[in-house]
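Structures given as C-alpha cells follow.
The following pair of complexes shares a single chain, subunit A, combined with subunit B in the former and subunit C in the latter.
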Partner chain A sequence: MAKPKAARGAARYPKRQIAPYLFIFPFLLSFLAFFLVPVVYSVVISLMKYKGYGTMKYVGFDNYRRLFTYNAMWTSLLNTLEYFILAMIPVMILAFLLAVVVRSHALTRWQKVYKPLLFMPQVCAVVASSLVFKVIFGTNVGAINQILGTSFNFLGDTKLMKLPVICMLIWRNTGWYFIIFLSGLTTISDDLLDAAKIDGATSVQTMFHVTIPVMKPIFKLTFITYAIGAFKLYTEPNLILSKEEAPLSVAPFVNMITTNINGGSLGMASAAGWILVLFILALTVMQMRMFKEGE
Partner chain B sequence: MVTARTASSEAGRVHKIVSRTGMHLFLIVASLVAIAPVFIMVSGSLKPITELFVNSWGLPREFTLNNYERLLNYNSGMILHSFLNSVFISTVTTVLQLTVASMAGFAFSKYQFRGKNFLFMMFLLTMMVPGELLLTPQFIIFSNIGWLNSYEVQIIPAIANTFAMFMCRQFMDSIPNEMLEAARVDGAGHWRIYTQMILPTSVPTLGALGILQFLSKWNDYLYPRIMITKVNYKPIMVILPTLTEGGDTSGTPYDLILAGCTLVVIPMMFVFFCLQNKFLDSVTLGSVKG
Partner chain C sequence: MKKLLALILALGLLTTCFGALAEDLYAGEKVKLEMAVWNSVETYEKINASLIERFPEIGQKADIEVVIEGDGDVGVAQKMRLLLGAKETLPDMVRVNYAQFAEFASAGLLYDLSAAVEPYKADIIPAVLDMMTGEDGGIYCLPQEAKPKVWYYRTDVFEKAGVNPADVKTMEDYIEAGRKVHEATGTWIENYGTPLNAYDLMMILSGKDFSFTDENGDFHFADNEVLREAFETLKTYHDSGAFSPIEEWSADWQAAFTSGELSSQLIASWMKQHLLTWAPDQAGLWSCAEWPEEMRGGSDAGMGIWIVFKDAPHAALAADILAKYSFDPEFRRAVYSINAVIPPLLSAKTDEFYAKNDYFGPELQKVYFEALEDLKAYPYEPTFSAEQVIIRDYLNDYLNGNISLDDALKNAEADMINQIGNAYD
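Up next, the complex of A and B:
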C-alpha cells in the first residue's frame, strides 16, 4: 500500500479527508475577508467616483487618467525614486563593506560585539527615529547645526529637505542589509577563500571573482525587496518634515493614497493604490531583467 | 635568505596589524554613527528644553526627569493608555497570526489534499501586493460595518499573514514525516500531532517570526492613522508625532517628544539585547534560504 515515492514530502494520509481543510480554514477565511475581498473591491472603486457616502458613480478609467495628468503624482513619484536611489546606493555599499570586514578572519571574535550594535537602529521604531532625526536636523535644537556652528534650515529649505530623510533611511536600513549580507557571506566556505589565497589571489581579486559572484542571488533578492519597500515609503518623510503630511515637493508616492482618502476622493485613492502596484511590478521585472543580462 | 624571509614576514605582520586596526576603526565609526541618534534621544529626554537649544548632543548638564513627569501627565494619562493599547494590539495580533499561520503551514507541509497547490500559489502571489493598496477598500468596508475606531480593526484584518504561513511551512517541511507517522500509529489524532509534536518543534522558528511580526505591528503608523481617529483607541505611535503643549500648535515640544521616543524605544532595545540571536535570525528568515 505505502508507496514512499508518491508520498515524498508529505505524510501518508489518505487523499480524501477533512483535516487539512480544517487546519487551513481560519487562515483562508481571514485571507478571503480581509485581503481578497478588499483587493477586488478596490478595482471596482478605482473605476468609480465615490466620496465615502452617497452613491457611487461609474467613471471608467477617469481616475487613472486624471492621476496620470496630475502634476502631484509625478512629483511624488520622482520624490520616491530620489529617496529610493539616493539611500539605496550608500546602504548597499556600506552594508556589504561592513559585512565583508566583520566576516574577515581577523575579526571573527568581535562579531558578537559589532553585529548587535550595527543592527540596533532597526530596532528603533520608525516613528520615534523620524522624530529624533527631526530634532537632530533642527535649525536651533539640531545637533548637526550645533556641531557645525551653522544654522541650515534642513527641515524647511526645499533644497535641503530631502537630506534628513535620506540620512535616516541610510542610518536605519544599513544594519538590516548588513545582517543579510553577513549571513550570505558565511555560506561561502573558508575552503573556497583559502583556495583562492593559495592560488595567489589578492583580497580584491577574491572579492570580485569569488565573493561577489557567490553573493549574486542574494544581491538580486535584496535589490527587489529594497525597491518594494522604498515605494511604500511613508512615515519617514512625513514625520521628519511635517507633523502629518509633508508638502508636495518632498512627499512620497503613498501620500497620493492618503491625501485622497482624507480628502474624500476614494476612487482616486484606489486608483493611486493600483498605480503603486503597477510601479512595483515594473520595477521588479526591470531588476530581474538587469540581473539576467549581467549573467 | 633567512633575513629576507623574516623581513617579509615582519612586513606581513605589520601589514596585518595595520589592516586589522583599519577594519576596527571602520567598524567603530559605523557603530558610533548607529548609536548616536539613540544617545541623543535618551540624553535629550533628560534635559530641560532650554538646554536642547545650546547642547543638543552632549550629556545633560542639568539632569531632569521633568519631561517624563509631564509626559505621563500629558492629557490625563493619554500616553500610558496609548502605550498599553500598543502592547495589547501587537501582542494579540502576533499570537493570532502565529496560531493561524502555523495551522495552515502544517496542513500545507504534512498533508496531500485537493486544491493544495492552487491555494498555496494563490497565497504566494499575494505576497507581492502592498498593504497600501488595501487601505482604501478597507477604509470603506470598515466604516460601513462600524469598525473604524476600535481594537478589532487593528487586530482582526491582520490575522492572515502569508509571510508567516510560508515560513511555518518551510520550517515544518524539515520535520521528518517518520516521526509523525510513528505518533499516528500510536493513535495520536491530527490535532494532537499538531499541538504536541509540530508546535513544540517549531518553537525557535515561531519565536523569530513572532519577534518580526510584533515589531512590525508595534511600529505600524500608516494603518492606524487612517483607521483610528478617536484618542482612546490610538496606539502610541500615532500619538507621539502630535504632542503639543499649552495649546501652542506652532512650537514643537522637543523635550517631550524625545522623552516619548525613549519610552517606546527603550523596552524594545531591552528585549533586543536579551534575545539578540532571535532578532538576528528573524532578519534572514525570508531572505537567504528562500
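Up next, the complex of A and C:
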C-alpha cells in the first residue's frame, strides 16, 4: 500500500519530524522541572512524616486523616469562604457599576485621573497596604474609630477581626475587576445598544437584557479567577491581624500550610496544600455548572 | 623530670596547634559571610562595624552581609527549614530564639561551638552556659541576649500614684497597683488585650517546671494544675479592668508608649530596645525592677541566640566571629552603647560601664543580673513551634469567654495529639 504523501515527506526529511518537538522541548523541560516533578514530589511528601530535613517516614494517608479531623482546618476553610463571599459580592457589584458608568459616557471628563486612581490599589505593595490598614483600623490610633468617635477593637475582637481584611480586599480588588469589566463592555457593539434603544428599552432593561447576557463569559472568567485567588488568600489577614500569623479562629486556609511548615511538618503542609487544590477544583466545577445551567 | 618536660612540650605543641588553627581561620582570601536576622538590618550593621573596628582581622577576612530572613524568630526558623529541605546554601550565622534551638540541635544540624567559646567560658553566667550546652556536652548556641523577666516602669508615674514596685509581691498586689496608677494618673501599668502572644503564657510557665509533654514526648496537660493556674491568672488580668485592653504589637501599643498612656510593662529584658525607639523623649523617666516576688523565675523564650549550621559554607569562621561577638568584654561595651544589651558575663556584673544608662539609670544593670539568677527556660520540645500556635488559640478563646477552661485545655491537648503526635518522633 502506498504511503500518504505527508508520511513519505517525513521519512525523506527526518529533521522535519523532530523539528516541532525541538521547538517545544524548552517548554517541556521547564514544565517537567518546575511543575510536574514538584507536583509529584509534593504528593509523595504528603504521605510522609517529614520535617524538610532528616529522614522521611511513610505514614500513608495519616496526614490527610489528621487534617480532616482537625477543627481548625474546617474553621480556616469557613474563614476563607467568608473572606471570599463577603468581599467578592461588593467587589463585583462596584467594579461592574463603575465600568458601566464609564462605558455609558456619563463620565467622559477626568477619565485620565480616576481610571489610574481606581487601579492604583492593585499596584500598591500588598505588605505596605496591609500595614496601613492595620493602622487605619487601630482601636485608639485608627482613623475609623477617630472619625466615628468609637473604640471598636477591630484587630482584637474575633467578631470584628474579619472586617478590616474584607475592607482591604474590596479596596484592592475593585480596580482590577473594573478594568476587566470595562474591557468586556467595550466588546459590546454600539449597534446592539442602539438597536435596544430604538426598540424602546430603558437603561435598566438594556442592562439586564443586553449587557449582562453578553457579558456572561466575562463574569464566568472573573468569578473563577476570583475564587482561585480567594482560596489562596494569605498576606492580608496575617499582616493586618497579627505580627506573624493570624489566630486560627480568623486565619485563612493557607495558614494550614504555613503553620505546618513553621511547626516543622512538611508532610502535613503538603497534605493541606492538596486539600486546598481539591477545594478549588470543587468550587470551579460548581461555578462552571452554575453558568452552564444559566445558559 | 623527663615526664614533666614531655608534658610541657606536649602542652606547648597543643597550644601552638590551636593558635595556628585560630590564625588559619583568618588566612587566605576574603570571603562573604551571611548573617540571617529578622525585622531590620540597621542595628546589626552598626554592631558589625564596631566588631571590625575592634577586630580588624575580621574585616580583612570577611564581608559580613546582614540579610532579613523573616519578620520574627518563627519566620527565620521557617526559612532555615526550607533552605535545609531544598539543600540550598545556608547563612553562616543565624539569629533565632532559644525556642527553636531544640528542633535544630536534636536533629544534629548545628556546629559545635565549644572550641570558639573556650577562651570566654569561665566568664559566662552559669545559667546561660547551661542553656548553650547540648545533651552531649558540646556548645551549640551563643546568646544574642539573655531574656530574664524584667519589669519596666515610669518612675514619675509610679511616684505620683504612690506605688513602689518592691511592695508589689503577689498577683493581687499587681492588680491593685494597676488600679492605683490608673486612678491617680490615667495611665495603665500593663495591657492584656487579646490576642495575647504565646510568650505571655510561656513567661509564666517557664518558671514553674511545666512541660506540655511527658518524658516520652506524649502530650499530657489537660489536667495539669500549673497550666490551669496560668490560664486563670491571665484571665484574671484580662477581666480585672485594671489593665489596658490594647493588644501587643498593634499600632496602638507603640503609640501608647509614645504618648505615655502605658507607663509600665511586665515583660522580659528585650523590651528596653523598643522603649528606646518608641519613646526617646522619656529618657530618664524609666527604670526597672524584678517581677513581683510570687511571679519571678523563668524567662521569655530563654534567650535570643545565634546558631551556626554544620553545613554553613564558613561554619568555623562564623563560630569564631560569633564567639568574639558574644563575649569579648571590650566589644560588648560598644554593643551596649548601640542597643543597651548587657552581655551575660560575670565580668559585666561588676563593670561600672553598664551602670551608666541615661534612659533607665543604674537599676538596669543591677536588675538584669538579679533577674538572670532566676533565668530558666521552658524545656522546649523540637515541635514547640506547632505547640505554641495551638495553645495560643485556645488561650485567647478562653480569655474572650468563647470556651470554658476545661474545654480549652482538653481541646488543645487533643489538637496537639492530632496534629503533632509525639514531640520527639
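Keep in mind that, in the parts below, the second predicted complex is superposed on the first by the 261 of 295 C-alpha atoms of A that agree within 3 Å, B and C clash if a C-alpha of one lies under 4 Å from a C-alpha of the other, contacts with A are read in each partner's own complex, and residues count from 1 in each chain.
Everything below uses one rule, namely that a residue touches a chain if its C-beta (ideal position, glycine included) is under 8 Å from a C-beta of that chain, and two chains touch if they have at least 3 such contacts.
These numbers were taken from a predicted model, which means no experiment stands behind them.
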Overlaying on subunit A: subunit B and subunit C, fit or clash?
clash
Thinking of the overlay built on chain A, is A:G54 touched by subunit B (first), by subunit C (second), by both, or by neither?
second
Counting only touches as set out at the top, which of subunit B and subunit C does A:L281 meet: first, second, both, neither?
first
Which one hits more subunit A residues, subunit B or subunit C?
B
In the overlaid three-chain picture, which partner chain does A:G264 touch, first (subunit B) or second (subunit C), both, or neither?
second
Give one of first, second, both or neither to describe whether A:V135 is in contact with subunit B, with subunit C, with both, or with none.
both
Considering only the touch criterion stated at the top, classify A:Y70 as touching first (subunit B), second (subunit C), both, or neither.
second
According to the stated criteria, A:N79 is in contact with first (subunit B), second (subunit C), both, or neither; which is it?
neither
By the touch definition at the top of the document, which applies to A:L117: first (subunit B), second (subunit C), both, or neither?
first
Once the structures are superposed on A, label A:P247 by its partner contacts, choosing first (subunit B), second (subunit C), both or neither.
second
According to the stated criteria, A:G156 is in contact with first (subunit B), second (subunit C), both, or neither; which is it?
second
Subunit A residues touched by both subunit B and subunit C?
52, 134-135, 138, 140-142, 243-244, 258, 260-261, 266
Across the complex, what residues on subunit B touch subunit A?
16, 19-20, 23-24, 26-27, 30-31, 33-35, 37-38, 40-41, 44, 52-57, 99-101, 103-104, 106-114, 116, 119, 123, 126, 128-141, 143, 156-160, 162, 165, 173, 177, 180-181, 184, 190, 194, 215, 218-219, 221-222, 225-226, 237, 240-242, 252, 254, 257-258, 260-261, 264-265, 268-269, 272-273, 276, 279-280, 283-284, 287-288, 290
What residues of subunit A sit close enough to touch subunit B in their complex?
7, 9-13, 15-17, 19-24, 26-28, 30-31, 34-39, 41-42, 45, 50, 52, 94, 97-98, 101-102, 104, 106-107, 110, 114-121, 123-136, 138, 140-143, 146-147, 171, 174-176, 179-180, 183-184, 187, 218, 221-222, 225, 228, 231-232, 234-235, 239, 243-244, 254, 257-258, 260-261, 266, 269-270, 273-274, 276-277, 280-281, 284
Please give the residue numbers of subunit C that touch subunit A in the complex, ascending.
71-72, 74-75, 77-78, 81-82, 84-85, 103, 107, 109, 193-195, 197, 245-247, 249-252, 255-256, 261, 382-383, 385-387, 389-390, 392-393, 396-397, 400, 402, 411, 415, 418-421, 425
Touching residues of subunit A toward subunit C in the complex: what are they?
49, 51-54, 66, 69-72, 134-135, 138-142, 153, 155-158, 242-245, 247-249, 258-266, 268
